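Here the chain labels run A, B, C and D in written order, and each chain numbers its own residues starting at 1.
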Amino acid sequence: MKSYFSELFTGGWSLILGLKVTIKALFSPIVTYQYPREKIDVTPNYRGHIDLVKDAESGAHKCISCGSCMRECPSDCIVVEGEKREGVKGKALTIFTLNFTKCSLCGACVEVCPTKALDYSDEYELAGFAREDFHYDLLKRVEERE
Amino acid sequence: MDINKVKGQWQKLSTAIEDVDYSASGYDYSVSLERDKVRDFAALMLAEGFYLVGLMAVHVTPAIEVVYQFAHVETRCRVMARAFVDEQVEMPTISDIYQGANWHERETRDFHGVVFVGHPYLEPLILPEEDVDLKPLLKEEAKLKDVAAVRRQPPEPAPEPKAKPEPKPEAKPEAVKSQEQS
Amino acid sequence: MEIFYSILPDLIRMVVCAVCGAVIVFGNALVMGYAERKLAGHIMLRPGPMEVGFHGVYQLIVDGLKLMGKQLVIPKNADKPLFMLAPLLAFAPVFVPLLVIPFSSKLQGFDLDIGLLVILALASINLLAVLIGGWSSNNKYSLFGAFRAVSQNVAYEIPMLLSLLSIIFMTNTFSLKGIVAAQSPVWFIVLQPLAFLIYLVSLVAETNRAPFDLPEAESELTAGFHTEYSGMSFSLFVLGEYANMFIVSSVATVFFLGGSSGIPLPYFEYSGVIWFLLKVYSLMFFLVWIRWTYPRTRFDQLMNFCWKYLIPFSLVNLLITVVMVKLL
Amino acid sequence: MSIDVEVLEDSRHHRYVLNMGPQHPSTHGVLRVLLELEGEYAMELLPVLGYGHRCHEKIAEFKPAKSFMPNTARMDYLGALIYNQGFAQLLEKAAGIEVPERVEYIRVITSELNRIQSHLLWYGAYLLDLGAFTPIMYAFDDREHILDILEDVTGSRLTYCYARVGGVSKDIDDKFVTRTRAFIDRLRSRFPMYEDLVNGNIILQKRLIDVGELTPQICARYGITGPLLRGTGVAYDIRRAEPYSIYSKFDFEIPTETKGDCMASFLVRFRELEQSLRIIEQALDGLPEGPIMAAKVPKKLKLPAGDYNSSVEAPRGELSYYLVSDGSDVPYRLKVRTPSYSNLSVVPEMCRGMLLSDVVSAMGALDLVIPEIDR
């Protein structure tokens, strides 16, 4: 008989404690971001899809189209092609495409690149209507970038 | 659970016991078993308080090798029991001793086609019903290796460049391997 | 023609009451729906609806329009007539109790002397709607929800009636105006605190809310009896639930918190209504507050709590009340 | 308390089959459980798997071993850093690579943060199953702090690919250390709030106590490890039983309970949060300077022939990688033994005769992550 009542009172008290917590939360400030209205500042180390780095002084990309990133990539997302041009030491880059739909962001290409030509972009708002929206042509992107 | 008593019992059941250096390979004992001794071995391990970590099959030439991994809760002791499948690719089930093996055996049948005799509900677990004989994890002919190729080479200083071991048909695979090892 | 003239005042009164009832039901649904989403938001440290209008004020109107615009999906082998009847049965009977509730001393639809019986009789029709809805949508989960709702509502009807009965013994009248009048010196919550608590718990269970929302348990029954309903029929269920919540908490105000009595505000003649609505909405706030705090009880615990705790307590309370009334 | 309703022989005809899943609010992922119900009592349960199968083990046999690292994070996305650490240790053990001291500390700190984040998500999701909508928001509020801290150093928030063979891909800086210390104090100050709101709540206790009881014998027969095993009173934790990495340097207890029911594993996981905080604190205090990549890591990692096993304590139990190598750099066979696989296999025996809502709370106590079951 005693447990009949004691359970009632301890249970009742635990319920009131729970209410105390939620009422305190009701009057404490909001912690969420209103995403489309307020933009969250993403850390610079965020790993977006890879991008060719624009060399500071020469203003061009640093890729020597050696293709080691293409060989290293576990899911074969990168296609790199270069051609011999006279007057240019080594091969000049003609095609550098990334199929971001298969990329698992492992970072093998960025680490294996001998001239540090690749780095992560910090784009996280990626939405598209077709798979081809994510076939990036990095060469064109690096030239368009100012 | 003192290890020497248990090893004595293993001696009776198994064909070869090998003490393995834990820091190099991650487990303590490698026990090679006859196919029909697997059930008694499992019963013995359950009696000694081991729990079944997992059950995995490796596709090697003479026959598919099924590896049972046991570990103990009180003392650190990880045991790999190995047994070869017979010609009809069958293996006695231990799912009535270790119920946890029920799913492992169904999955091994999905991936390797090892039929576990006596299993209560041997339906495909991970693959859909119509892929019963897909057996995805079996190796193609080119990549198939001999069981010796995947064993730890005795650590002589410079392992000579291994010529491609042509798969020699061995009548009693464990017997040959055990003399050479122990 | 004289017959017509003689009943004309009643006719007008009926039309006015019907219009006021509709205003209350839809108004309360808008206000309560918005308040519930805002409160839930702030309890969870998020702002709740903010998009439509200042702080999302028009959110519920927009929701209503969306629900009206949605297609009425009727499952293939559902029992079509019953399937369509259930939302109507959940929504229609909610208007009648509003006529009887005394919003203030002068503002009341009809002062029937069997006021309480009207309310309780129509409250159980809502249960019928849930059963028909669950059965006719031919879905195992909604069948589950329906059966749970039936046994839960039937079980919690008893402590609810017993606790109200102990008030009726003190005022020996069913008319709500009489009960409010009988509370002038001191509210019944002071005299009958236990009855108030029992009534509060069973009112939460009666409207299938908060810790007792087993009929539409999202995590087990994927939304229980109104799984198959979409568009306007779903919103009828929700309107019915909010209106039912309004009625049940206004009954609690009338019986325990002294209806519309309170310090008369200086220059506003109908101050009783403001006090009444203040009390009703504070009770509703309590319901919303409970909903966002507690996990859901298990079904047999729900029943044990009712049969082993609430009913014995309400019987003992009734006994004490009868003895006290006899002595005084 | 599995209610033993004595089932009459011919009573099977008035049972009916209910399909819980693969799209169901309380199965965490695409798991389908066929329930044979008699009224609300689930008499027979049959989990149906394979909806999330991506054949990771087949993929491992085509690529060089070290490029399998991103796959490990996709198996259990809640314990991704721990899966990375386990796989990195496997390859280092096979190739015999010594890892610098600082890397071990970084791996332990990030793994423990990952464990806390996984327990917090389980905490919120489990209470959502039980019907309480608010605690998940508070738990996610804390969890977001961890995600921001880890995003700063690893670059991603859920499926990390942070460990490399012989080291880690990026060093941690002072900002990481200060933010982690701030997080530790913040989470510690939140424990009383969780105790009041949830752990003490009578409704929750009634829902969890005596539900889905396990015993050490059942756990041995099914291979159940992790908080469920510790809930039955066996203090078995790979970090203490087979101390890998540098866990032997830290002193932390292994919380255990005795009854082995849902409440036991609930409290064990809740107390493990505190233990992980203690480990992180000691690791941060003792963080040495030094390189973050081993000296000579061959570009083409040739693994000597033989089979290797590496066991790690994942948030849900024991995770073991079993690698059979034939001397080339592509693994011959890689088997991943995931904890939820064995933990889920006990459901048919544990939940027989339970009420439907008990089946939901018992399966929530198993803390299932379906992608690691289907692999």
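Assorted remarks:
By our rule, a contact is a pair of C-beta atoms (placed from the backbone, for glycine too) under 8 Å apart; a residue touches a chain by one contact, two chains touch by 3 or more.
The structure presented is a predicted model; accordingly, all values stated were derived computationally and were not measured.
The fewest steps needed to get from chain B to chain C, moving only between touching chains, is 2.
Two chain pairs are in question, A-C and A-D; the one with more C-beta pairs in contact is A-D.
For chain C, the chain with the farthest CA centroid is B. As a whole-number value, the distance joining the C-alpha centres of chain A and chain C reads 50 Å.
One finds 42 Å separating the Cα centroids of chain A and chain B.
In this assembly, the C-alpha centroid of chain A lies 25 Å from the C-alpha centroid of chain D. Note: centroid distance chain C to chain D, computed from Cα atoms, is 44 Å.
Contact with two or more other chains is made by residues 43-46, 292-294 of chain C.
Those residues of chain A in touch with two or more other chains are numbered 15, 18, 21-22, 25, 31.
Chain contacts: chain D has residues 134, 138, 141, 197, 201, 203 touching two or more partner chains.
Across the whole structure, chains are in contact as follows: A-C, A-D, B-D, C-D.
Across the interface of their complex, chain B is touched by residues 49-50, 53, 55, 57-58, 61, 90, 93, 96, 216, 219-225, 229, 234, 236, 241-242, 304-311, 318, 320, 322, 324-327, 332-333, 335, 337, 341-342, 345-346, 349, 374-375 of chain D. Those residues of chain C that touch chain A in the shared complex are 39, 42-47, 50, 289-290, 292-294, 309. The part of chain C that touches chain D in the complex is made up of residues 40, 43-46, 140-141, 144, 211, 213-214, 217-220, 222, 292-301. Contact residues of chain B toward chain D in the complex are 23-27, 46, 49-54, 56, 58-59, 67, 69, 71, 73, 76, 78, 80, 97-100, 102-103, 111, 124-128, 136-137, 139, 143, 145, 149-153, 159, 162.
For chain A in complex with chain C, the residues that touch the partner chain are 8, 15, 18-19, 21-23, 25-32, 34.
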